[in-house]
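The following blocks contain the structures, represented as structure tokens.
What follows is chain A paired twice: with chain B in the first complex and chain C in the second.
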Partner chain A sequence: MADLIYENTVVNVVKEHFKDDIIDAKVRRQRRVELRTNTNNIESVLLFLKEKMGFLHLSHISCVDWIEENRFELVYILWHPQEKVNVLIKVDVDRLNPVAPNIDYIWPQANTYERELREMFGIQFEGLVGRHELILEDWDDLPPMRRDFDTLQYVMQNYTFRSGREDAQDVRETIAKRTGEEIPEFAKKYSR
Partner chain B sequence: MRKEKTTTIYLGPQHPGITGNMMVKLEVQGDTIVKAETHIGYLHRGFEKLMERRNWLQSFTIVCRICVPEPDPNEENYARGVEEIEGREVPEKARWIRMLVLELARIQSYLLWYGGQSGSAGLYTIGQWSVGDRNYVLDLFEELTGGRVYHMYIWPGGVRRDLPKGFKSRVAKVMDYLEKRLDDYDRVMFDNAVFQKRTQGVGYIPPEKAIEWGVVGPPLRGAGIKSDVRIDEPYEFYDQVEFEVPDMYNTSDVWARALVRRFEIRQSINIIRQILDKMPDNGPVWNKIPNPHKWKLPRGDAYVKTESARGEFGYYVVSDGSEHPRRIHVRGPAYVHGITLLEKILVGQNIADVALIMNSLGTCPPEMER
Partner chain C sequence: MNYVLNDRESSKIVEFIKNFARKNSLWVLAYGTGCGAIEIPPTMTSRYDAERFSVRGAATPRQADVLLITGYLSVKTLKRVIRSYEQMQDPKYVIGFGSCTINGGMYWDSYNTIKQLDLYLPVDVYINGCMPRPEAVLAGFAKLQELIGKGEANGWKHYKENLEWYRQNQQKLIKNWKMPDYNW
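The block that comes next holds the complex of A and B.
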């Protein structure tokens, strides 16, 4: 087991500096630290980690939809180029009113991640400059990466199947119908 | 011409700079770019959404399709993410084979890059050579995995099958051949005045800003910063092989990035030779997984990453304790390189250099859109 000196330092320093604003802080394993905070403090935590601790590289911003707990979980992943440690900062966002602060003044590339999350999960980032859509164009349905977006239902409502190419058709029956052949007795039990 | 007048040019979605479809909207004055804006959305296949409806083994067949030129880091990342959540051990030999596959993938990806980079500078012969030579590596992949481009070989618990008989010697033979060929590429590409003049001083990234702007991989090493996931956070057995990470090319332009890749392809050949030496001859290659239909992972998450040919390739894998992934987020290096970084560094460049710069950054739309 490797010694986790820097990992423990991060946890202690952040706990000491932010006190109750950090809900949870722990070392997950070598090179992985996990912090949990809330949307009010996320900007100051990220700025502190970047400017004071040297976590200069933003790896990515991800989002997980915990629909049964009625929350989105934003995950910011930072990397320390000298100490070689990743820190995961998790923030819960209310699913009914998903608003989070914009951080593209801290890392310019956060802009793209936030634009994608806005489109795919419907999370509003306060102050994110409204540029053109990133991936989806003229989308007015539910944001598609949410768990309650039903892909199959969307396809059924918006697209039609080409005749002869209907989904989930029985191959053996279709061929038999086309060619006029009888389905052999032994194969009938496998047909629907 | 009035100074303030600009013209809008749409470059793409199909163009020679990259593998995939992506459009760059350029505002130009004369032939100098004053503003660039990346538009993606031509290639979105919804893989991340698709995987939420598949079980853990079905998702394994999807991940390799996320990136066309180099699918193996996806497979390795996914497998390692699943293993980390589950706490599954991987047999020693399987880990050596994974490294072999990753390095072969890096070599074939760089050979494809040789073609793209020289082609965008107007030197078309090199592309014919390198893509031809890449086929020898793809032949090895075909023998090992059954597929030339998409391998579906590295899966949770190990790899899908053992090395065929005599495979090691065939790999060694191809490596010897490639090493000789690389000198030929040097003569026609790196010694060529056209290539030097087209690339030196083009596509400059300020080194002091590079880490903050999210630059990874060869562009970061081309800025003189020693950074490589294989060294920084060794995965598999990368701590047991010796190789150098270049930091001597620090002009941070297309030329420096080309030299970094030229250096690294030789390092990869060197690593493969060490792998062939150190790999055990016998032993299991797979720690068997349970029935895939009933295979549940404990609730948890993991962030894993590999060094792909374009830089840090990360997977954030989340399990909710069921048979299906709750979320798999793919962090491709091109997501940052191709959008925010490209928009910044294209300003002030010539229209003719756009494809050159895109290629030097390793822009790859499939991993931006997943």
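The block that comes next holds the complex of A and C.
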């Protein structure tokens, strides 16, 4: 079943064409190929995949906050409608100065994704046109999807709770206490 | 014809008739926030048929009597809700729907949803549950009608009297306050 012919072809063609500009290329599993490049080459890689390989559809641009390694990882997810293969192109962006190239001339829908990333992670896309507010309104704190944004602290500062909320107890612990059951060590991290 | 409308007995009768009329024609503003709006279509359509309890939908805020807050309310939506509420004609009632309006519900640690609705709008009836079933919604409407009949659903009067307090709470969340003042 899993002969991975097309997936291997993608890896080989991209490696051959871009040589050292592709940092890493591998087949993750059936129908999923992973490439890693850098911000200087991301536009040419995307254009190559779209125009020469037939990855016509940009499914999503997502972002991972690797706060320990001081970087954001942008993931561009492309889809090949004929071969039914996904390609994930990963790019690292510096966390202190997050700038990435704007690609909405390749796929217009990228504009929305980039605006969302600008709002939720504070990543600046060079030359991105569009209102600064997409989902949030009058937001003047850290971008809320960053991992150093403390959601709970923000909630405690800005909202008040009706009394009675605080004696809401963990379901697992309550049941265990009632029946005298011992919670196993591995399950403890899941209870609040 | 020699009668006075301003004595105590007759004003009581007028009030009774007014309340009777009000409680038997509740027009609900067709405005859904959050996930609870999905419980409104079954409540209104043939199976639960809220119209037999004289509850109907209204298209615009100026025609509506009841504002249903169906579920969680983000700060962005709160701004629109306040504007809709202030455009409604007196008397007007607010029903808080689902546990999110009571104490945040499952969104208690979300940076963008309010936790207590009654800090921002005067709530007459709360319906708890996540989500409340159509039976619970109808029970909530029945409770509201009971309160209106007794003349106790006075949230709108309370809002006018304590406008400053409500404004203070609202403006704490809505930082860029560009709202018209209504001269009700």
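Criterion: the second predicted complex is superposed on the first by the 157 of 192 C-alpha atoms of A that agree within 3 Å, B and C clash if a C-alpha of one lies under 4 Å from a C-alpha of the other, contacts with A are read in each partner's own complex, and residues count from 1 in each chain.
Assume contacts are C-beta pairs under 8 Å (C-beta built on N, C-alpha and C of every residue); 3 or more make two chains touch, one makes a residue touch a chain.
Because the structure is a prediction, the values reported are computed rather than measured.
Within the superposed three-chain model, A:Thr151 lies in touch with chain B and with chain C [touch as defined at top]. Of the two partner chains, chain C is the only one that A:Tyr159 touches; chain B does not reach it.
Counting the residues of chain A that each partner touches, chain B and chain C differ, and the larger count belongs to B. In the superposition on chain A, A:His60 makes contact with chain B only, not with chain C. Looking at the shared chain after the overlay, A:Pro81 reaches chain B, while chain C stays out of its contact range.
Of the two partner chains placed around the shared chain by superposition, neither chain B nor chain C is touched by A:Pro184. Residue contacts after overlaying the shared chain place A:Leu136 against chain B and chain C alike. For the contact definition in use here, the residues of chain A common to its chain B contact set and its chain C contact set are 135-137, 144, 151. Remark: chain B residues 37, 39-41, 44, 46, 48-49, 52-53, 211-214, 216, 225, 227, 232-233, 301, 303, 305, 312, 314, 316, 318, 320, 326-327, 329, 331, 335-336, 339-341, 344, 369 touch chain A in the complex.
Per the touch definition, chain C reaches chain A in the complex via residues 75-76, 79, 102-104, 108-112, 114-116, 119, 172-176. Considering their complex, residues 135-138, 140, 144, 149, 151-152, 154-155, 158-162, 164-165 of chain A touch chain C. Residues 31-32, 56-60, 62-66, 75, 77, 81, 84, 86, 88, 107-109, 111-113, 132-137, 144-145, 147, 151 of chain A are the ones that touch chain B when the two sit in their complex.
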